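Both of the next two complexes hold subunit A, though its partner changes from subunit B to subunit C.
And then the complex of A and B:
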């Protein structure tokens, strides 16, 4: 193990402080007894209690969670199929175009994705609400899911699938009994990733939502415009917790899978 | 697998095996037929207009260097590759377009391809579950297969808890569990060490004669092919160069390629100087006049001809040998002691001539060797020892 000199440690601390001090401050102030956000009035969990009685905020959180689950599932299923096509079928006609189309939302500015989806929904006269946001979220998280699963499939031993078919499994049976059980950590990680992407998104949701479908980030953003209250800090702290759990779970799944791969 | 676990070869009398020659019987119905099969990968022709018949109960080996098309041929039989032209028949039924999961053919993969997420028993039972057999029947068949490959009691293990030899046995059991008409084995011994390989070869032969399943082994290892196979085929550039029992391939190779690929051979170039019935007289620049006994010479006076000589068929002596033999003078260039045999390189035709390899069997435990470096020696061989090969 290489030891870090004092200069490097200082740089490291400064870097992390820059990244995480705001978040730590937010978490700390969520336990502030004072109503004034920037004045410390002693420790209290009062604002968490208030949060639990804030019906509109709770409704928004519940909506966000349902929306994230549905869109993550949609994105994972489509992402798995796209990854299978890219990893399995070699150089099919239009492969570059296909992979570009799947992965483009990763680098597309959110404003553009949101606006174009809005225009599409308006033109198609689809009533905006829960399902339009779900479709929008699935669209942009599909690319992330595809990348995660494709990375797993690249190192996948094709002869395992051939062996299954040789033993009488149809291609579909082969997928259920051999391919999926072996790539499931990547699939689960992709789902977690899509879930957090959906939970975090403000811009695309704002463009594609309609009356009665206000997600948690949208609710928080509009509340902050009227002034930051410790209650918002409490809500954000809970969200940070949820996202952190999902991201850590995803990375643990991928790590476990890498270790399983190294065993072979 | 320990050394003691394999039984002495059971009564598989040589005479029975010798009588097993369905390929010479015009009445015999082939199990597998390749009819003029061609397979290309882009600009590369992997298999080139190949025709081949395999018979029930046959142990067949496909031998060739890597890239000769032998693996492609096997994968076409398993259904993983579709021929560009030609047909493949199994039991008289055209299976060219049948997908792999509907073919009564099973394959043992070179990497074994054991399912890492399933136990040994579930691996072996995988094909039986796909057939929709009842649970007790599957359990019974799995136990039977475990006993067959001597892995009783290891059914609950995972593949990564097994040794290389055990994994190979699981792969074998899994591919035999469905009782296929034909078992394909892709380099089955490649991952085993030498001692284990030898024992496993004999076990595989035992298993094959017990089960009566036709086996087709793909290998680049000639010892493996010769030990196990009833018949073997040598492939080169997508074509079958020669097909026949191992002893025929070794003693009567049809070309220099086969002669050099299967075993060691010395090659002397010469010109036909006389043909008297079966006897061909050859004038060699380095070795002088030689005589060959060839059944069907097909060579005319003045033709260039290659004389092939297996190292073990040459005798070495200090004194000039008796009349009636081919004999050449030479000087010992190098001696390689291998334990069972000693390989001696002899330069004939003086410096810049041709080096001939001679294999001497070490029949006694004498340490002092009868031959030494730089000895002047006589090489001699019978008229029947030399092979006439086309240049």
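And then the complex of A and C:
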């Protein structure tokens, strides 16, 4: 392998500086004692204390977390079924429409998904709140979950499933004892992705929510519109920290699994 | 368990997600289409006629109300916001390509042991909320923000740049948020590129730059197209980033829909905007698909 030339090192440094400097600045100013963004008033954790007393923000965070867990689980179950249908059921009636509906939310603008679901909930006279947002999030994450799981299903040895069935296992038993253990990393990745999509969504939630179900992105959006405050920097820093720990842990786990696989 | 009942149970696998998608994707979409051809009413919910199913196709066609589409075509505001969305999305795509390509190329050329870590570093910001990323830029770009303080502190500029609430601010925020979508497909394409081709080109006397233009660049076109599509499509419908970083004049089409819906409470007009926006998005996708098929046919 050749060593990197100066031009390529510059591209790497500039690219990552662009990606990370804004985030680093945001984190640094969450520890600023002064309220002013340009004035460094010394190191302080004052804003984290203020954050812990901000009841509406904490409530929204707790709601978003619960909502994301439920909708990610729904999306993963439905996405696994959809992936199995597309990878294992061959040509069933309406397959083209089905794969179209699975993939469409991937390119659909959020405003349209949000608008259409809200019109449905209004037409069906369903009271809006936690569950309508959960359904909306599960629906638009389903396609992402399906793609991740389908990629794994396509790449594995089907003769294992056939062997289990030849030995008398029912399709359900085959799924639990053979298929699922083999595809679980993809299922876990799909769940993580759906969780992130739900936690990140502002637009669809704004359309489909009702009174009493304000999610964290909705709270953050209205706070950000009002202007910059170190308290929001503190909230963002905590979220970045949680994400960084989760992503690094996940990639280390994956690496270990891959190494274990290579040792066999 | 008999073979037939197994077969019957197996059908539940496609059926459950199928029904879910019919109920929560196709039916809502049909409602939007129907709504786009209705007219606004002051009743609650604010539209008429109330959705009552597609009773008869003749009745449906007779009841079609084209006023919304006519209004969209006549009102300069909507044309401008459509064109503005396309312009912002196009510029975002070009800038993301200009920044993303060298980055992806450098990542793909890096030693193999680095690549995994570099990839994680590119994806990491994507896992954080986009609101956080936009908020970070507000702190930098706003009047008396970090950028102006740094530039004036270094003596590079005498006056504040006043970037906040300009198109430049919108573009910075958009490129920043969508960059990973550009880098990932490019990196995937460039990494699997056969390096021996470049060595062959060098052996035959090609300068590195010539080798890049005649070998690497043509081979990475599928990655370029995929990256551009992944950035352009969501960028057209985006409105939160322009709303936060742009001024009151930056009206993206997504923002127009949002305003029609929440502020003006004109649901039919909002639905009409949604339908036109979708047509606008499907068109480049179809063109891209045709270009890909044509390439496949030529190869």
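Note that in this section the second predicted complex is superposed on the first by the 238 of 264 C-alpha atoms of A that agree within 3 Å, B and C clash if a C-alpha of one lies under 4 Å from a C-alpha of the other, contacts with A are read in each partner's own complex, and residues count from 1 in each chain.
As a convention for this text, contacts are C-beta pairs under 8 Å (C-beta built on N, C-alpha and C of every residue); 3 or more make two chains touch, one makes a residue touch a chain.
This is a predicted model, so every value here is computed, not measured.
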{"item": "Contacts of A:112 with subunit B and subunit C, given as first, second, both or neither", "value": "second"}
{"item": "Touching partner for A:178 - first (subunit B), second (subunit C), both, neither", "value": "first"}
{"item": "Partner chain in contact with A:154 - subunit B first, subunit C second, else both or neither", "value": "neither"}
{"item": "Which of subunit B and subunit C A:162 touches, first, second, both or neither", "value": "first"}
{"item": "First (subunit B), second (subunit C), both or neither touched by A:142", "value": "second"}
{"item": "Partner chain(s) touched by A:245 [first = subunit B, second = subunit C, both, neither]", "value": "neither"}
{"item": "First, second, both or neither for A:200, with subunit B first and subunit C second", "value": "second"}
{"item": "Touched subunit A residues, subunit B compared with subunit C", "value": "C"}
{"item": "Which superposed partner A:170 touches (first subunit B, second subunit C, both, neither)", "value": "both"}
{"item": "Partner chain(s) touched by A:78 [first = subunit B, second = subunit C, both, neither]", "value": "second"}
{"item": "Touching both subunit C and subunit B, counted on subunit A across the two superposed complexes", "value": "170-171"}
{"item": "Subunit B-touching residues of subunit A, taken from the complex the two chains share", "value": "157, 159-160, 162-171, 173, 177-178, 181-182, 260, 263-264"}
{"item": "Complex contact set, residues of subunit B against subunit A", "value": "78-80, 99-102, 105-107, 109-111, 113, 115-117, 126-127, 130-131, 160, 174-175, 178"}
{"item": "Subunit A residues touching subunit C - in the complex, by the definition given at the top", "value": "1-2, 4, 8-9, 11-12, 14-16, 18-20, 22-23, 25-26, 29, 37-38, 78-79, 81-82, 84-85, 88-89, 92, 94, 98, 101-102, 104-105, 107-112, 115-117, 119-120, 122-123, 135-136, 139, 142, 146, 170-172, 196, 199-200, 202-203, 207, 217, 220-221, 224-225, 228, 232-233, 236, 239-240, 243-244, 246-248, 251, 255"}
{"item": "Complex contact set, residues of subunit C against subunit A", "value": "1, 6, 9-10, 13-14, 16-18, 20-22, 24-29, 31-32, 35, 45, 50-51, 99-100, 102-103, 105-107, 109-112, 116, 118, 120-125, 127-140, 142, 144-146, 149, 176, 179, 183, 233-234, 236-240, 244, 254, 257-258, 261, 267, 270-271, 274, 277-278, 281, 285"}
